[in-house]
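The structure that follows is given in the form of structure tokens.
In order of appearance the chains are A, B, C and D, and numbering begins at 1 in each one.
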Amino acid sequence: MVQAGIVGFRGYSGAELFQILQAHPQVTPWKLEHRSDAAADPLPRGGNADRSTAATPEAAREAGLDVVFLATPHEVSMQVAPAMLAAGIRVVDLSGAYRLRTPEVHLRWYGDAHEDPELLASAVYGLPEFYRDRIRGARFVSNPGCYPTAASLALRPLVAAGLIDRSVPVLCDAKSGISGAGRKASLKTSFCEAGDNFSVYAAFAHRHVPEVLQNCELQETEFHFVAQLLPTHRGILENIYARLAPEVTAETIQKCYDEAYLEEPFVQVYDRGILPDLHTVQHTNRCAIGFQVAEATSTLLVVSAIDNLVKGAAGQAVQNMNLMFGFDETEGLR
Amino acid sequence: MVQAGIVGFRGYSGAELFQILQAHPQVTPWKLEHRSDAAADPLPRGGNADRSTAATPEAAREAGLDVVFLATPHEVSMQVAPAMLAAGIRVVDLSGAYRLRTPEVHLRWYGDAHEDPELLASAVYGLPEFYRDRIRGARFVSNPGCYPTAASLALRPLVAAGLIDRSVPVLCDAKSGISGAGRKASLKTSFCEAGDNFSVYAAFAHRHVPEVLQNCELQETEFHFVAQLLPTHRGILENIYARLAPEVTAETIQKCYDEAYLEEPFVQVYDRGILPDLHTVQHTNRCAIGFQVAEATSTLLVVSAIDNLVKGAAGQAVQNMNLMFGFDETEGLR
Amino acid sequence: MVQAGIVGFRGYSGAELFQILQAHPQVTPWKLEHRSDAAADPLPRGGNADRSTAATPEAAREAGLDVVFLATPHEVSMQVAPAMLAAGIRVVDLSGAYRLRTPEVHLRWYGDAHEDPELLASAVYGLPEFYRDRIRGARFVSNPGCYPTAASLALRPLVAAGLIDRSVPVLCDAKSGISGAGRKASLKTSFCEAGDNFSVYAAFAHRHVPEVLQNCELQETEFHFVAQLLPTHRGILENIYARLAPEVTAETIQKCYDEAYLEEPFVQVYDRGILPDLHTVQHTNRCAIGFQVAEATSTLLVVSAIDNLVKGAAGQAVQNMNLMFGFDETEGLR
Amino acid sequence: MVQAGIVGFRGYSGAELFQILQAHPQVTPWKLEHRSDAAADPLPRGGNADRSTAATPEAAREAGLDVVFLATPHEVSMQVAPAMLAAGIRVVDLSGAYRLRTPEVHLRWYGDAHEDPELLASAVYGLPEFYRDRIRGARFVSNPGCYPTAASLALRPLVAAGLIDRSVPVLCDAKSGISGAGRKASLKTSFCEAGDNFSVYAAFAHRHVPEVLQNCELQETEFHFVAQLLPTHRGILENIYARLAPEVTAETIQKCYDEAYLEEPFVQVYDRGILPDLHTVQHTNRCAIGFQVAEATSTLLVVSAIDNLVKGAAGQAVQNMNLMFGFDETEGLR
């Protein structure tokens, strides 16, 4: 059995991860207590049987941990990740700390100089559908952001095949359930402010943008992103608008997606005109992709949907762990 | 025009009050800034035209205010109310600071010794259906709690008429929308914790209990109250269970309610077996009352519903103001 | 007092209209019973005092009605509107029956040949911000659709001023609360299917499109529209993406909107970068407009929000009635 | 592998059941098509790989089914259950068709004469915590109702131990998420009517009452039940109020529950004063029980929570199947 620790197990991604790992036949999950993780935990009687220890390398080694998941703010990940790696423990980081390829890009979007450029350079970006080979056997995986997972899975095959007219910026109108904002007291995400409401935030300025650019090999002027807060607990749905390259039709798009994802266990491509909703992906590790074309203007709409806590966080982290340890990629995720 | 100030206009009750007063044909509302009121206010362009000044007696006199509403925590009300009254300005306090009749009862339920027992004794409890005559012309009105408004309107006529068997405690199973918890950052009332959820709190120990006891002349052993958090923005619905006194039937209950509330503009009594839901009272100043009887055991169920922000707070405060200033009681509330 | 009848008063728009008219100081509302309106009405005791009669011209004349509102399916409106007009009663139709300018366009989007092209030609399209003069004194007003109201108010000033590069299609990513689907039993709009969900429908094919084209003088290839179902009761928020014409900056956009809407009581323009959410417009007759610009690509995002039941239906209908009868345009709507 | 068919797989309970069985290591699930099951099924591409056949005994035998689950209305179950049993296939019926012990009680609460009193008499009531021995090896199990599961687990140990004063009726104030009403088009359960709302139904008259009476050996005058519709997708929370028998204290209650459920994998008893909410049981097969006592009046509040689709339907059905086939009782349910 792989012994797997979770720092940040009280957050929504961390709790989801704990649940998935509990049901994983080859993993024993541990809760790792970190001083930064002060949010009160509802611990009804009986829930105390879970294995737990401190989120330090010493405690982790004593517990015999093989891997540690960091479901923590990126500042915390920057402290814990190198320490655990130095202690010989593999790490999957769910934060944004090690997602961007260079310190320059990190500085531009996160606003702080990266503390450890060397580790940044060595991190493997954990989007298995694109980087499966590098993830296999990796010691340090940086788990993608939720928005970029949905956007990159939808866009990259089309861009790579040259099906998009890049002279018009691709627009991504993205909506996320409120758990995406994390588990914390906040007026903005309170029931009375966010419920029965819908709002736009970070228009053209979300820090998830550079991940999409990296994955799809797009320039900043070729992709715009607008994030919106949806009154649901979980789920991301993105409408991606693009102009098709000359000669490209709906059939070309369908064929491109089919070829890209036919063998993928966690990407489901719909027939043209059938568009996914959130219910089809909530509580699953799947990304569902549908599309429609307005032929008169060669305008493409792609609808890409995931569960932000599963394929957008905890599920994808387990998918990565499965690859890192040589398990079946879908173990614990069906 | 009556010049009316609101302290706490950023909270849910205060904001509702400001809206009602803006549409009131005989009132000009003012926003009174208080240092304790730090919650960020979304102030889109154009919203700045509202009249405002400081929440001090000096500023209030300078602005020519006739009345000040306190939609504030009870600690703040205890400071502002006496100061405004001393400056010759009438006060309607929406907090719990002056609702209980004696310092002893206040201490027992609020846990702090009352700072101003004299003022406490002089406050008029503002439930117009029961205390209309005292409210007329009053200078200081203490607006009832939301839960006690619904419970007292349902219970008092029955208790007063001797229709309830008091040897069995009356049980009030109460549910409130989340705005009842106030406008503040809190994990417990966040969308992800309170949405799609339902929870019990303050079982047998809610500080609104003594108001019901006062209004209905019941002993503490004759009334039990259980509060619950409902995943709605606004609205209170209470199920009140009681054993009927001997010989009392559904017809007796119907007649008692009809007589008590026939002339009341804001209490709506349904025919036996028709029970109100929240939608019928949300955004209104009405209390809707329905009931059902299990005859084999003389068990009575009364369902009492209000909007916690209107009849349970801001609307009732305006109803009180209308009485205090001699306006039609329903002005601005239809 | 104007005597105003409502056909379809049990639907969401009709019920909203009845409420607004009840509080309107110069109107007495009537409920007009129509055989097509079979949805069960919850009628708790006391609600029967409302004036009502049959939805026939004879009954309407006998009741002395001055105007009839049709909150009905477009097939019903096509029958009732001409009959009421022939009886000398003015009509405001909230359906889509008379919104498009020619029978050809109607046939293309509604799929049925228009029964009364003459009446269609004589109907005044009731978007007061653009057609105020024609609405004044009109006998027959066709109230705009909810989506086109938000889109047209956002787009028309920019298109008219030549600020948009029309070589790239304008994209409107629109979200509506579920009341937009009407009050009827339907699996798709049930709580368990639509709640905690988000879905796209009528991508590139919504019948509200031609209204926007008419209002903004755009060709079909210049405007794309995608509708989405939002898990809220009410509210529409539209993200409109366009490429700015050469030399146009954020300042140009701001100035254009400010000039267009400075005097408008029901259009609120925000400063650049401040974007409206649904809460700021729900239960109001306002349209709130905010925008942001991505300068590197001259990409404009306009966010336009309304309450679909108020500015998108009942409120706008009353605004039109106010103009038709020479009342203050904001009467009953503040 | 056990071959298990589901009739009614498009409903909420049936779909939940299919999901659970898909992940069950010893079961292959089949979708059985029945003519009564007309609700449209969203079948996105790829979902067609599921095994399916007709809901007839012939087709079931041909498919080699070992057991059939009926997630159907009770009228349908009354037709399909005897036919499948006659074909030698075991049956778990999730409807109310075979839950009551005698035709007389069935007639009294369901309003129709039972068609097959013999089969009714032979059905094993599938509440494993009470009737485990009879379920083991049974050929025909009648799965309990959702409300009675929560109520019976909370009440039976206390009644059996004589801890309740039966001279005062036990009151059960029950709230259910909207999926409890089934998957069908209905105005009452539409998003706009049921969302942001809360309503009481079937006060003192719900057909789930006799199941609780049977399980707890109570008379009809000893137990009252009031059902309420909660604006959540799933989950039941019941507040049960009772008067304690003389000498009984909170400690007695705690001890009674602890002894009753210490070994039960799916019943979780909390310490006094800690009360469960819906989130702790949603998506699990657990029943969580908490309680509080008002000592001055010996009034007991028990809060019992389950997921109506899991422990209240599909999960419990699988728990029963596990017992019927000799599997570990928790297989597929952790």
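Quick note on the criterion: a contact is a pair of C-beta atoms (placed from the backbone, for glycine too) under 8 Å apart; a residue touches a chain by one contact, two chains touch by 3 or more.
These numbers come from a predicted model, not from an experiment.
**Student:** Farthest from subunit C by Cα centre, which chain is it? Let me know.
**Tutor:** The chain farthest from subunit C, judged by C-alpha centres, is D.
**Student:** Pick the pair with more C-beta contacts: B-C or B-D?
**Tutor:** Between the two chain pairs, B-D has more contacting C-beta pairs.
**Student:** When the centre of a chain is set as the mean of its C-alpha atoms, what distance in Å lies between subunit B and subunit C?
**Tutor:** Taking the average C-alpha coordinate of subunit B and of subunit C, the gap between them is 37 Å.
**Student:** Mind checking the centre-to-centre distance between subunit A and subunit B? Centres are C-alpha means, answer in whole Å.
**Tutor:** Centre-to-centre distance between subunit A and subunit B: 46 Å.
**Student:** Can you give the whole-Å distance between the Cα centres of subunit B and subunit D?
**Tutor:** 39
**Student:** Could you check subunit A for residues that touch two or more other chains and list them?
**Tutor:** Residues 196, 231, 233 of subunit A touch two or more partner chains.
**Student:** Which part of subunit D faces subunit B closely enough to touch in the complex?
**Tutor:** Residue positions touching the partner: 168-169, 171, 173, 175, 193, 196-200, 203-204, 220-221, 224, 226, 228, 230-233, 235, 237, 239, 241, 243, 273, 275, 277-279, 282, 292, 294, 296-297, 299, 301, 303.
**Student:** Show me the residue ranges of subunit D that touch subunit A in the complex, using the header's touch definition.
**Tutor:** Within the complex, subunit D touches subunit A at residues 22-23, 42, 44-46, 196, 268-271, 274, 276, 280, 283, 288, 290, 334.
**Student:** Can you list the subunit A residues touching subunit B in their complex?
**Tutor:** 12, 39-40, 178-179, 183-187, 189-192, 194-196, 231, 233
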